[in-house]
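Below: the structure, in structure tokens.
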């Protein structure tokens, strides 16, 4: 099943074979950090980086992301995960172990405008996106050439309202068949159905071409121009069934002025969209993002 | 009437005695720049800085701001303005001559939070706001001490819905009596009536504590917190009768993260509000802002 | 001795009575976080915020800053510090406990330009600088009025090369007498002798008016203008005996262009200097800065 | 000679057939703007955008960039240039007419790291760089594939000190043969001889991977890491015979912290280098940059 995995050569050199990450969400109370760090020390793991956040020290929710190195991690990880269950039970933890060697499998959805797709491919080629880009799906043929030139399979799926359900069904099968962990909507200009979205909870990242919550919906650059704003932005967020209302991962802006017509805003915007999406995807791939009540905790 | 003018000592040294500015808005057509620059040259004025903008070279609106030096300007200005009428008629110009020596007369409105008021006073003291701050009006007494310490009259006017019309009437009289050119709402937390606003068209500058059009209305920091945005901002705009919908002069943002609670957003926001308002006021005072169809052209 | 302490009223309300911080630097090895977090849990302290950094997971130096809440902390802190000695010995720790209630005692040094002094006073008045500003020392009289208006003692000390040693001796006595913890050079334009600097190691914060290491030394704005840079900056750093070479705490920049003459760069620069110095001082006061080999680890 | 010109398809649509630009540098005195704008009006040209700058209104140097539309420009331009000579003589002007239709011919020099080359190719493909990329020269073979895939000739020229003069001679011949107007050093890691540089005055744009004048010379990221700076930057400048001392066109920065090792600074830096170089090249191609005494006036 993993035969056509495309791995950036730069990533291979990184020697992440003993690197693990533990993400935890649980009710805040004294002793959590002590218990987790003792657990890791007892299992021979050395904490490399650890970040925590409590929504409210008195009775809030506690979040921690711990990155650790552990010799012979591949041999130990099943035992470690099994041993952790007791501790997790004690503290009522919602938790997840991930391993840098198990690279996430990503599918990119694109439409006509290629800049966000290209940025992701470029970052991936440079070794800056620790993932396998398994396939690209688009409702336009334009990008086929450059995608296939990188050895990545390209699937054309037509898009219009009448056939949405059927097309999505085929897409879901394709994604399942390839064990996709992450779907990136790289300026994919189709609305996804609730069925599709609920199949991949917190696994679909979108880039919206405005500084949300300003200009929710269609034609944000045209509306930014009409309003006469002095800054334009872009927002990367997880997709939920409320359009443009999902948890925000990253935003950025650039300055514009009265000379910039809509076409200029779009050009400037492309550059913002590219970097905002690339950052959000990278943080997700490094397990730096925890979703909590329609917001994100990003440990970077 | 101008007896209690407070002039920053630094500004006096600047030697702006021969400095004039011409702002023009008219239908675009060939020859406008040639006509204006010939006019100024013929009147012995040397162009120091000139900026122009055309909304559309084919049949749009043309805007130009020209700053010039002219020896003995005080003696010449009446004649120059008279001579300009013919040219203005030919090109159907909406125009305005201003003179750096005729410092604009500013009133600041404040409420409880003093940071924007303080920033303006501080910039003025440093010689960076070319204006006379003639008076401060507030519906709270807190700032009286520091305002009066600078020799600026402080007026307390109570505020609540029931007495709004009457209070505004008194305020308008005060402003008229002191020949106020510019009203700055430095986090003045009262809504102005349409009567008040229409008395001072494009002469009232407000600071809104969000990146408009996101979070129009009340409690923007609370709502930014709830939405989980990664950037917060502030917007300075001219006041119109559509709340928070007036022409935007300046905006800026700062990065925030999940650790920042509402109280932190407010603190960070104060720093953004201070500099956004100070810039907008400064550009207005230097005649750098032209309002056109609910947008601003800012020549800076 | 603490009779004339000036405490910002806003700070009093914060209820930091049970808040402590532990800063640790030690050789990296497994088990440090586990040991510290167990220690705190065993002493009834709840970790509010914790950040760590390892210069190199294999044999580097490990740094951790832990902020905790602990009921009845005042009663417990002596015992807690005593108990910690054994753990500190085991891990060869360089460490420090601080308590939010023990506000640091700050002296500000200023010269002619008041903007950085004013910014600190303003932030302190707003409750954003958790410190007691005990005194201001200046080699100019200009700021006396506004400093004394806030109830802060103002000391004039003349400055020139011939009397430097004698003046510094008087300053040191004054600072010792008032138990000063932090000295902020708010655009104090005198060079300190090695004797003075060594008396207050990592306790003197300076603001340099350039983006170091560009434009080390005198007249940075003039030199930035001559070089034609497109950005200017400011740098806040701890003072060492190598001029402008001390550990950098914070830097920031703003965009400039060919129109900006030296006087404009200075104006724009003032705004950068103000915020860079205020941030650095705030982080120091919150024990967020650890100095290591002429660099800083800033946990914010 | 222009047979293998590669034109981005997007650029063709822009309809710049009647667009001209006039750049002027001359001693400042009254009447220059009037004379130029009258000249253009008399020749049927409509000013689209005009920017000016005077180094000193009293006896300094005056700079103006005027962009204009003119019907049948191709037929008129020889006559217009001839007519302008008299005016140019009167005002002692150093001047240049350029025409948007005469796209500049660009050669890109690259070495091993492809990110700056890729960014330029990407911007060019998107229609955002108004130029013909005529050839790419590199002392490494890595980029050949992707360059030739775009239909752009790729020349490998070996590089080491011993053969520098001979290699440069071949390069100069190649560049002359292809009528190259602009040479972009896209992280080309070879030093050019004075002979090469003087052959292309103000026609060679380099990207230096630091915020100049900080970290002039080799290994800037390593030195930035050692100094512990909190921001890193990149600088695009014209190449002169003083290494890293040529006129700066554009600079930008990003924030870094103690966690960022040299490898991280390089990654972050790549993103800054890409956008700084792309902006500088674009401004040069649009004739927005005037060099004056080792500084640039950039009209954007």
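A few notes on this one:
Note that the chains are named A, B, C and D in the order they appear, and that numbering of residues resets to 1 at the start of each chain.
In this section, a contact is a pair of C-beta atoms (placed from the backbone, for glycine too) under 8 Å apart; a residue touches a chain by one contact, two chains touch by 3 or more.
Worth saying up front: this structure is predicted, and the values here are computed from it rather than measured.
The fewest steps needed to get from subunit B to subunit D, moving only between touching chains, is 1. Taking the mean of C-alpha positions as each chain's centre, the chain lying farthest from the centre of subunit C is D.
Chain geometry summary: the mean Cα position of subunit B and that of subunit C are 37 Å apart. With centres set at the average Cα position, the gap from subunit A to subunit B is 43 Å. Residue positions of subunit C touching 2 or more other chains: 49, 53, 259. If you check the complex, the residues on subunit C that touch subunit B are 49, 115, 118, 122, 126, 128, 149, 259, 267, 270-271, 275.
Subunit C meets subunit A in the complex at residues 28-31, 33-34, 37-38, 40-41, 44-54, 57, 69. Within the complex, the subunit D residues that touch subunit C are 53, 211-215, 227-231, 233, 247-253, 257-259, 294-298.
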